[in-house]
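The same subunit A turns up in both complexes below, where it pairs with subunit B and then with subunit C.
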Partner chain A sequence: MTILSPLPGTFYSRPSPDEPAFKKAGDTVEIDDTIGLIEVMKTFIEVKSEVAGTFKAYVVENSSPVDPGAILAELE
Partner chain B sequence: MTLKIIKHGLSTSIQDLGRPGYFHLGIPMSGAMDRFALRTANMLVGNDEGAACLEAVFLGPEIEFEQDTCIAVTGGEMPIKIDGIVQETWSSFKVKKGQILSFGFLLKGARIYIAFAGGIDTPLDLGSRSTYPIGALGGINGRAIIAGDTIPLGDQSRAKSGLSIPPELRRLPNKPADLRVLPGLYWHRITEQTQDQFFMDDWKVAPEADRMGVRFKGGTEFNFVDREPPFGAGSDPSNIVDGCYSYGSIQVPAGKEPIILHRDAVSGGGYFTIGAVISADMDYIGQLQPHTPVKFIKVNMEQALEARKERQDMLTKIRTVLDE
Partner chain C sequence: MSIKKIFIANRGEIAVRIIKAAKGLNIETVQAYSDGDKEMMAVKLADHSVNVGPAKAADSYLNINKMVNAAIISGADAVHPGYGFLAESADFVRAVEDAGLIFIGPSAEVIDRMGDKVAARSAALAANVPVVPGSKGLITNNDEAIEVANEIGYPVMIKATAGGGGRGIRVADNQEELIKYTSQARAEAEAAFGDGGLYIEKAIKNPRHIEVQILADGTDAIHCFERECSVQRRRQKVWEEAGADCLDEATRDKLCAGAVELAKAVGYKGAGTLEYLYDEKSNSFYFIEMNTRIQVEHTISEMITGIDLVQEMIKIAGGAKLSYKQADIRRDGHAIEVRINAENPFMQFLPFPGKVVSLQIPTGEGIRFDHFIYEGYQISPFYDSLIGKLIVHAPDRAAAIDKMSEALQGLEIGGLKTTIPLHKALAKDAAIKAGDIHTQWLEPWLDAGNLKEEKAS
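And now, the complex of A and B:
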């Protein structure tokens, strides 16, 4: 299972630079859990999971550009 | 005759062709960022070309129809769904009361225009329904749409459906995008080397781009011609004694990141402007995603007017095709 980016912009896996990532391998992911942020048009938008499962890994690195529909993270 | 907004997407606003005539008072023109797409969407459903539509950026809204009507979606490429079934873009079709309009992921471009037969019939502010949130003008009580809003539609008697824009007349920027620039008022303020470098560099759209302005990163920092700062201008070489800005003008604060002023931009200020993007290419800017590579192409007035005519000819061709 994968979580896709709904938007183009810059992806962040952490809520702020000095905090840990929203999810790490083995974490439980519920529907509507925030797994990252997309920065676009001077706004940070929460990326919420539309699926439930166990978090495997981020596919996109923190602070990198993403296109709409890009795979951000994988779940098991 | 109404629409019910279930989800509003990222930022979805009511826009028409804007409210020109008040820029000298500091009120921007507003209106669609891609006016070509708005005009064609309206033509497809039988509306006047300047009727009010919904402009959605990056993410489509979800809408329930509370009456039968006809719709068309133009602009960026984003799969359109009615009750989950994919429909043709750049084409008009009928929808029934109770059906739900939703969208897939954005594939190309940045903004879609959803036209409804009869047009959106919210009150006019200074002659336009376009949303300008900072001035609380147009839209729904001066703001963008939000989930739960009910949006009125106008007279359906001229509704058209089953029309389609031929693929070669659907206008979107290439990737990388070329934006044609006419050097302007403060061109002499930068060195000859910077004047050339600006057109050679590969720029990228910054993620903070919005309806006011679109910022570009990745090019070389400007070198300025030395000067004694005039009274009232700051010591920064990119400052001027406050002046007027035009739609499409390019300011470069501190000589670092060019910003192209768009539909909701301020009308004046203290940054020098090196020139302006030509009117024929302003719609393209409305369709640029963040991180899109961009080249600026130098043109003269003659070429700018020729490009404007080409764009007008495309609209004329579309009118002819749809009337046949």
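And now, the complex of A and C:
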């Protein structure tokens, strides 16, 4: 299972530079859990999981540009 | 020393605006662009263009070293910063000047001084420009709080010096509330910040936002009248007008004359804006801050005065004295600007960085559209959502609102969600037509569901 980017922009796996990532391998992911942020046009939009599962890994590095539909993270 | 080649350290619609101004003065242009901006209109219009790095602004448009190096390599003799990005960075001004180039704007010292709230407040007071009245320093006990509040009048705001983000701020309508809130605010500030220091400021409920456009050459200064920008969402201006019809002539004169005095007193150079809160009930205005750059809404001041503000700031930077005297500046009619953002107003203004598939722009007397889009252009997700500004000019305010309504009907941007439907609704709104607005007006208006999606017919 994967979580896709709903928007183009810059993906962040952390709520702020000094904080740990929203999820790490082995974490439980519920539907609507925030797994990252997309910065689009100076606005931060939360990326919410549409599926439930166990977090495997981020596919995209923190602070990198993404296109809509890009795979952001994988679940098990 | 006149300028021959300008490096444009910005993007979007203001870059296009600067190129047009430069062309009118027969000055060559070099457009800076990031990896995400290769296809932008300003790159196509400028004489030359230079890549300044990755799409992310922090690595390109906001990187002083990269921008200054690109300007040097391009052979430009001046840098126009536009608005946003590095426009109000004193460090950028110093770096540009150290490289032997002209910065089109005020000196680093003036930017530093007017960018500091306390220093700007002192400068305003010294020029006899009213600021929001408040305690001279910290309030140490209740008696002192009561004395200050009686002097400045209720309602008053109680603020924690160590506060921020709205924490520790309370509004008291009378003495009883003042005593209660002062103790609460002190306890809260001590707990949250370990500092119980408080000060008191007059609370201006539902103020209007009024600002004065000035032009100055370092010695002399003039004003180009005022603008009202009270229609705001999340402190972002949405709909702007020149002039402010809520002001009487005497208040307008006082407001504008004070702005000129302040600009002269600080040795201001270039185009600048002094922002004020205006309390309609007491007919009082209070200086809040100065923006030391050209502003998004400069266009409406140009429409009512006939002055090209961007050309004027370039001429002044090149060493010219002001080409106008105050008596030459006439106010003619009324102008309105609306900001067209690539956002979906029906989905909490969610950004919509799509591709422009079709574009129809209204034309006619008194209609202007400043923008940087064209059919086939992909709006970048990396920058601000402003894609254009629709501007109208008419003999009076009512005619300007009608003209705005008409112009909006002729503006069609296919492929994107934009704020056009919001502006169409505003142009029809009774409160807007009556001028019965303030800075806290738009958000409750939106929350109350006044903006409805039109059914496709």
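Here are some notes:
Here is the rule we go by: the second predicted complex is superposed on the first by the 76 of 76 C-alpha atoms of A that agree within 3 Å, B and C clash if a C-alpha of one lies under 4 Å from a C-alpha of the other, contacts with A are read in each partner's own complex, and residues count from 1 in each chain.
Here is the rule we go by: a residue touches a chain if its C-beta (ideal position, glycine included) is under 8 Å from a C-beta of that chain, and two chains touch if they have at least 3 such contacts.
As the structure is a computational prediction, the values presented were derived from the model and not from experiment.
One of subunit B and subunit C touches more residues of subunit A, and that partner is B. With both structures placed on the common chain, the touch criterion links A:Ile45 to subunit B and to subunit C. When the two structures are aligned on the shared chain, A:Pro8 is found in touch with subunit B and with subunit C. Legend: residue contacts after superposition of the two complexes on their common chain; A:Gly69 is shown touching subunit B, with no touch to subunit C.
After overlaying the two complexes on the shared chain, residue contacts for A:Gly36 are found with neither subunit B nor subunit C. Once both structures are placed on chain A, subunit A residues 7-10, 40-43, 45, 65 are touched by subunit B and, in the other complex, by subunit C. Listing the residues of subunit A that touch subunit C in their complex gives 7-10, 40-43, 45, 65.
Of all residues in subunit C, those touching subunit A in their complex are 55-56, 342-343, 350-351, 353, 381-385. Only residues 10-11, 57-59, 105-107, 110, 207-210, 289-291 of subunit B touch subunit A when the two sit together in their complex. Touching subunit B in their complex are the following residues of subunit A: 4, 6-10, 39-43, 45, 65, 67-69.
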